[in-house]
Amino acid sequence: MYELVIKKGRVINSDAAFTADVAVEDGKIAAVGAELAGRREIQAAGKLVIPGGVDTHLHFTLDLGGGLVSTDDFFTGSRAAALGGTTTVVPFIHPEEGESAAEAFNRRQREAVGQSVVDYGWHMNIGPEAFRRSGGVRSFVEETAALGISTYKLYMAYGYRLNDAQLLQAMEAIAGVGGLPVVHAENWELLSHLVQRAVDAGHRHPRWHEKTRPAEFEAEAAARVIAIARWVGLPVEIFHVGTREVVAQIRRARREGAAVYGETCPQYLFLNNGAFEREGIEAAYAVCAPPLRSEEDRRGMWQALAEDDLQIVSTDHCPFTKEQKRAGLQAGFHKIPGGVPSLEMRMAALYSEGVAKGRFSENRWVELCSTFPARLHGFAQKGVIAPGYDADLVVFDPAARRTITAEGLHEACGWTPYEGLELTGAVESTIVRGTPVVEQGRFTGERGIGGYRSRSGAL
Amino acid sequence: MYELVIKKGRVINSDAAFTADVAVEDGKIAAVGAELAGRREIQAAGKLVIPGGVDTHLHFTLDLGGGLVSTDDFFTGSRAAALGGTTTVVPFIHPEEGESAAEAFNRRQREAVGQSVVDYGWHMNIGPEAFRRSGGVRSFVEETAALGISTYKLYMAYGYRLNDAQLLQAMEAIAGVGGLPVVHAENWELLSHLVQRAVDAGHRHPRWHEKTRPAEFEAEAAARVIAIARWVGLPVEIFHVGTREVVAQIRRARREGAAVYGETCPQYLFLNNGAFEREGIEAAYAVCAPPLRSEEDRRGMWQALAEDDLQIVSTDHCPFTKEQKRAGLQAGFHKIPGGVPSLEMRMAALYSEGVAKGRFSENRWVELCSTFPARLHGFAQKGVIAPGYDADLVVFDPAARRTITAEGLHEACGWTPYEGLELTGAVESTIVRGTPVVEQGRFTGERGIGGYRSRSGAL
Amino acid sequence: MYELVIKKGRVINSDAAFTADVAVEDGKIAAVGAELAGRREIQAAGKLVIPGGVDTHLHFTLDLGGGLVSTDDFFTGSRAAALGGTTTVVPFIHPEEGESAAEAFNRRQREAVGQSVVDYGWHMNIGPEAFRRSGGVRSFVEETAALGISTYKLYMAYGYRLNDAQLLQAMEAIAGVGGLPVVHAENWELLSHLVQRAVDAGHRHPRWHEKTRPAEFEAEAAARVIAIARWVGLPVEIFHVGTREVVAQIRRARREGAAVYGETCPQYLFLNNGAFEREGIEAAYAVCAPPLRSEEDRRGMWQALAEDDLQIVSTDHCPFTKEQKRAGLQAGFHKIPGGVPSLEMRMAALYSEGVAKGRFSENRWVELCSTFPARLHGFAQKGVIAPGYDADLVVFDPAARRTITAEGLHEACGWTPYEGLELTGAVESTIVRGTPVVEQGRFTGERGIGGYRSRSGAL
Amino acid sequence: MYELVIKKGRVINSDAAFTADVAVEDGKIAAVGAELAGRREIQAAGKLVIPGGVDTHLHFTLDLGGGLVSTDDFFTGSRAAALGGTTTVVPFIHPEEGESAAEAFNRRQREAVGQSVVDYGWHMNIGPEAFRRSGGVRSFVEETAALGISTYKLYMAYGYRLNDAQLLQAMEAIAGVGGLPVVHAENWELLSHLVQRAVDAGHRHPRWHEKTRPAEFEAEAAARVIAIARWVGLPVEIFHVGTREVVAQIRRARREGAAVYGETCPQYLFLNNGAFEREGIEAAYAVCAPPLRSEEDRRGMWQALAEDDLQIVSTDHCPFTKEQKRAGLQAGFHKIPGGVPSLEMRMAALYSEGVAKGRFSENRWVELCSTFPARLHGFAQKGVIAPGYDADLVVFDPAARRTITAEGLHEACGWTPYEGLELTGAVESTIVRGTPVVEQGRFTGERGIGGYRSRSGAL
């Protein structure tokens, strides 16, 4: 008699699909099999039972300075995640000047502990300030690794960007602890020049957000950081790929045997640069960086997922309020805070467009959204339904039909660029390490049920 | 209380690895979990528990005519398979002129039923005679599919070869039943010309076996049949790939999005054309078609497995007796019956050179030798350890060390080209649909325990 | 005081362009320079002076049997060539069973001598009958080489096709004499099967001509013959390329360092498969083999010329009469005699669409239509305006505008698929080894002024 | 009766080879033909007559500051060029802060006028200071173009380097005048970091010069600048390519249709990184940037020339004195003034290893060393032997055999890294715009006979 058993669902792993009961004990999957009995049972006949989604790229209360803080905090964000079938999230720690790795970690932990309803890890940002610390970047990375963090965010854009020599040194430090760098790859020198030029010429419309960030230069940056990672001998993941030019660089490197990985996000799979032509504030909603690209690029991302040229779908969830978007729109495309809410819709959206429309299999869906992000990012106990793995489970109804609306979502920002999108398939129940937090599609969990998951390395 | 439980082994699937008990009931896996109790238990702590190997390419009593029959029959062959950790095999049905698909099936079944100690399916050969039947190839394929056979062997070599128009029609017929063609790809016109020329020039040495079958022309044949399959819109598997030229054709097609798959075999992974320079009869032992290639090619096959340019390791097990090899050697390279025994050593050999030497992961090992061959060939219930799948299980000791010798093997031919090869890892127990047939490395099974597995389609 | 001087034209070679006088003496270019005086002078100020066109693929009185003989004989054909700015042509010798190379050569020479108004060489066809001769194909090729013929046509289609082993042997023989094989590459087995199937299904419309010859299979044949040529170590030219699939095979081989060349023709540059949808007999006019392809393919051929993936533009000129086309149309697409008249329009058409529209330079135009075909096919004295080269010269008016009409052309067939095509640039004068045969756009030559040009090898 | 006639040589153009007299009048080629008579005649029977070499990359009196000035001045340098068969050179103008384009031009002209024995153009360097000028880089480029300069050097290394945004703006300015950027492509941030690290670790040996400049990062820089040029829509030439990694980037871009060109130099064709292991000062002699690479790279450069992946062979001639090299050697690899003398040996060396050893044809030799550099760099009157072109002519004895020694050369530095290299073929006479300056292999010219050649654009 197990603590909890999910009965008779069709279990989907990345390499198998079978009908079985899934038994949970002490937060772990205890058994997978026929005729398992539980003190509590969830009926799942006709439903899919999948390992909970793993979203390895999102922002909770991202502080851009000047009062610009992204909308979801750990509670509202993790609740939206759980409602969307995601049971593990990985936001970022942005250390302040002079703050130790441990201090920054503790600061952020205070925002999460007691709040999060899903498990979480942290990416550590490495910025130029890490090089000014005593002990330098190497010591900073070692301190970070000691905190159970194995993934490091490197920016090639914004004030926080590293130059090439810093990228190389950061990667050497990461290699020293067996970690993984995840990279925002853009050519900042070129795009900031083009932005300034457009601004000087009087352009303000959001469409200039894309025009001033040519795909060729995004691909240049990706190729550059891949070259550095290959020289160091380190795997590398390129974040938020939205253009076929970057896919080509990743594919080329992979085909030469390099451990290079690419992530895309719902915004690059469901939206194109036509969104910049929407009326009023909606054009501002669509602003994120790198920008949305052409319809051919959008379709190319789906193809890249099917052909394993991209390996992960995360969200880069980072919405700002309507007011913040509106203020940016008035000030000009370069002042619009970038970010789109995709956290809650990810799993169902990928099922609907990916599986239900025949672009890839149920197994691939699970692999893209759960198994592989867990593996690459070092969550050894997540992403698979098998004994001993964390009992992060989602019961998914493949036949349900939903329409996305801002009201229907639980993200804090109150708007969505996907308004009206019709989806096949919906999350019915979500279980975080053995505890149901979503039942019948409604949030029934408690704050703080999710916990920090320490990692000792990456793939 | 289950019928049988394998206790505390490290379970390896293609996408996961975890420690668990595996419970068996009625020939199926009933549960995978902690603390499962069985009326019978096999202790596996410290051992790997893997889905039984699936060998989708081998010959039992292959009759070449003129009294040349390959050595292993269904009993000795399946026993060797079981001892080597393989629980499913797929030999061939070669229909005779005028014999219906069902008659040919029944004739072969009589050799297998009551003899086989592992499960089996059949490939159906499609030769020119299929086109002379009433109803033609389409009707022949439909009859075959009705027998639960979903894979079809097409030869581009030997008297049994099809011409290009026949290949196309055979593929259309196979597409009609959702089957998979598996192909022996060589350019018969070219190689038979080069063989004749070499024979006319007085060459007899086995090294001429390779010299008269240039890799470029093997690749030409592969490219040709791939082109035909792509036009028809059918997946295709190229059998026994041993040269990088063929790998390049497969890779190219796959990268263009085509459903093309490649298999290699232990002989191409452990031997090179240096074997043709061995003393006396040993040079004849090494003869198989396509031939062994250069050391660079041999290493290239390992790389192709690691990088997913090849997807399956089967054996093409087809040994003839020493006497038959010797007679061939005296008559000349073109008269040596081709075939090498690799059936019993496959799983351990791949573990030893692949996993223990760090070429790929345990998961990939299972995927290459069990999960993917099962999936591609339509064995929906095999290749994964999960509830509901067939309880085909192998307990593998990763620390054991063995040296291959002809005496130590249980194949009927009495010789091996791998004499003296040292391996890390060995099969300890093999369970076929719930029944142990190998225990402590010794055969303890009974004839006939294995059964025919009907299939309704391929990947 | 030279025999003849062309005054003050802009001389275009493949690597240079300059204004100079071109002096002729004894059929050769005697000098190129300023202030050269001639007993006769042609004024060319404002005009281009180019080396005469070299058309290395065309048919005069091609006899398909059953009374089907292509329309232009040596006089009408060579006159059309001259009017179009072509001063060297290379038709084919088709040896009959039992006829020696010399006999076949003499038979064809009788049709040409005293008739041709331009110079000519011959391609020798090598068919299956060459293998039945005493001495075999090697002896046949040696006899042919002794006649000053260095290029050999190999068919992979029609009754005259060679199988792969014959292709290999023919190429070995050609390699022995330093010759060049030129190949009609199609997969006859596949296309004849598809044709038969279409005919059996009742299809008769010319559009089925293309549908039954898939580009993938044309590319397969090209890849196959390229593989054989590379194995033999021989250059090879693929004739009449009209699809990007074949271009891809040529490009791939070239980029691997192989001496592989590709030719396209005006029909693949100016027409697409939309021509099969024209009304009535015009649909039949467009039938040639390989067939016209898509608009994307058509544009792809221009790109391939610009990027040197294709190296030659010849014509495969082979028109049949309206009556013959009409009879074929009634009998069905497979009975329409294939062939399009492109001989007279080639040079101007390539100038108009290629140079005037900015696709490539004047130099590339000359290279594609004259310099490189001359070089590859062994016409060491042709294709360049420099002292010692044959005085084959064309004065071309780059500003003239012409509209193609059947009446305006001088080809014998009386129809053209290019009716109404407007061209920029026109041939004004043509000089064959020092003798003007076209002046002010009108034919002023005499029968028989052209001569046979013996060659001792190919590039 | 012409002023000068070169009699009966074998004239080699990039697209033709023929025996003819070449007549000169007023510094131009007046005629090419048979039986031309001159007031002066040079007998060339049995010799090759080629267009004079064009060396589009070399340094005369390059001032690195601190008294480090490269050795050859305009007289000794141009004399060495002439003795080596080069009749046009293109050194650099390095404008000083505050100096106008015209002032810088005039300053450099004063060093050349009355000194040079061959014709010359100038590259204009564009450094960061160009962006500080009033009118900015656009105005600076326009002033430069007005001086007849059409090629612009952009550095991605050294203090003079441009950042990416400056590269983009410089290219836009160059595009505005139809010019060509030529680029020193290295990733300065990365290499200067690696150099500093090596120096800090105590490394001083010249072999560290290569170790600190990984080929992958040289390729990164090339890819980056190519991306920028493609975005601007401008052709670009990558200077001094010595590694296959850079060749791969150039090839890739060219195959995508981009106007990208690559140059290599004798040092990358005749030396490899083994030179850094030579005894004593000889290890310092080999230092140049980018560094010499592996033997596989060296051979790769020859292959790239043959296959048109590289298009130009220039020299980057920039030798310093033995004393300067020695002082650098003592101070450490990073202090050795980089530069190798290759000016005088280029034409013969390329003939010997390229043509005489069968790597490419005589025509390709002329194309690489004269025709194409002239064309790409806008010397419309050079690089071809045809009427109206400048009478820059070289009589080359293909049968002569020479051994390179420092004493035998006429470069000012007094040493050569090619000591002892045996060459087939030697320059016999060199004629600069009609005036012989080298006769029978000896310098017979006068200072100042060469002149500045204004250009109005590039290819």
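Labels for the chains are A, B, C and D, by order of writing; each one numbers its residues from 1.
Definition applied: a residue touches a chain if its C-beta (ideal position, glycine included) is under 8 Å from a C-beta of that chain, and two chains touch if they have at least 3 such contacts.
Predicted, not measured: the structure shown is a model, and the values here were computed from it.
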Chain hops separating chain C from chain A, counting only touching neighbours: 2
So what's the Cα centroid distance for chain C and chain D, whole Å? 41
So, in whole Å, the Cα centroid of chain B is separated from that of chain D by 60
Rounded Å distance, chain A centre to chain D centre (Cα mean): 51
Which residues of chain A are in contact with two or more other chains? none
Would you identify the shape of the chain contact graph, picking one of line, ring, star, complete or other? ring
Chain B touches which residues of chain A in the complex? 11, 13-16, 18-21, 23, 25, 29-36, 255, 257, 303, 307, 367, 371, 384, 386-389
Which residues of chain B touch chain C once you look at their complex with the stated criterion? 163-165, 168-169, 187, 189-190, 192-193, 214, 216-217, 219-220, 223-224, 227-228, 230-231
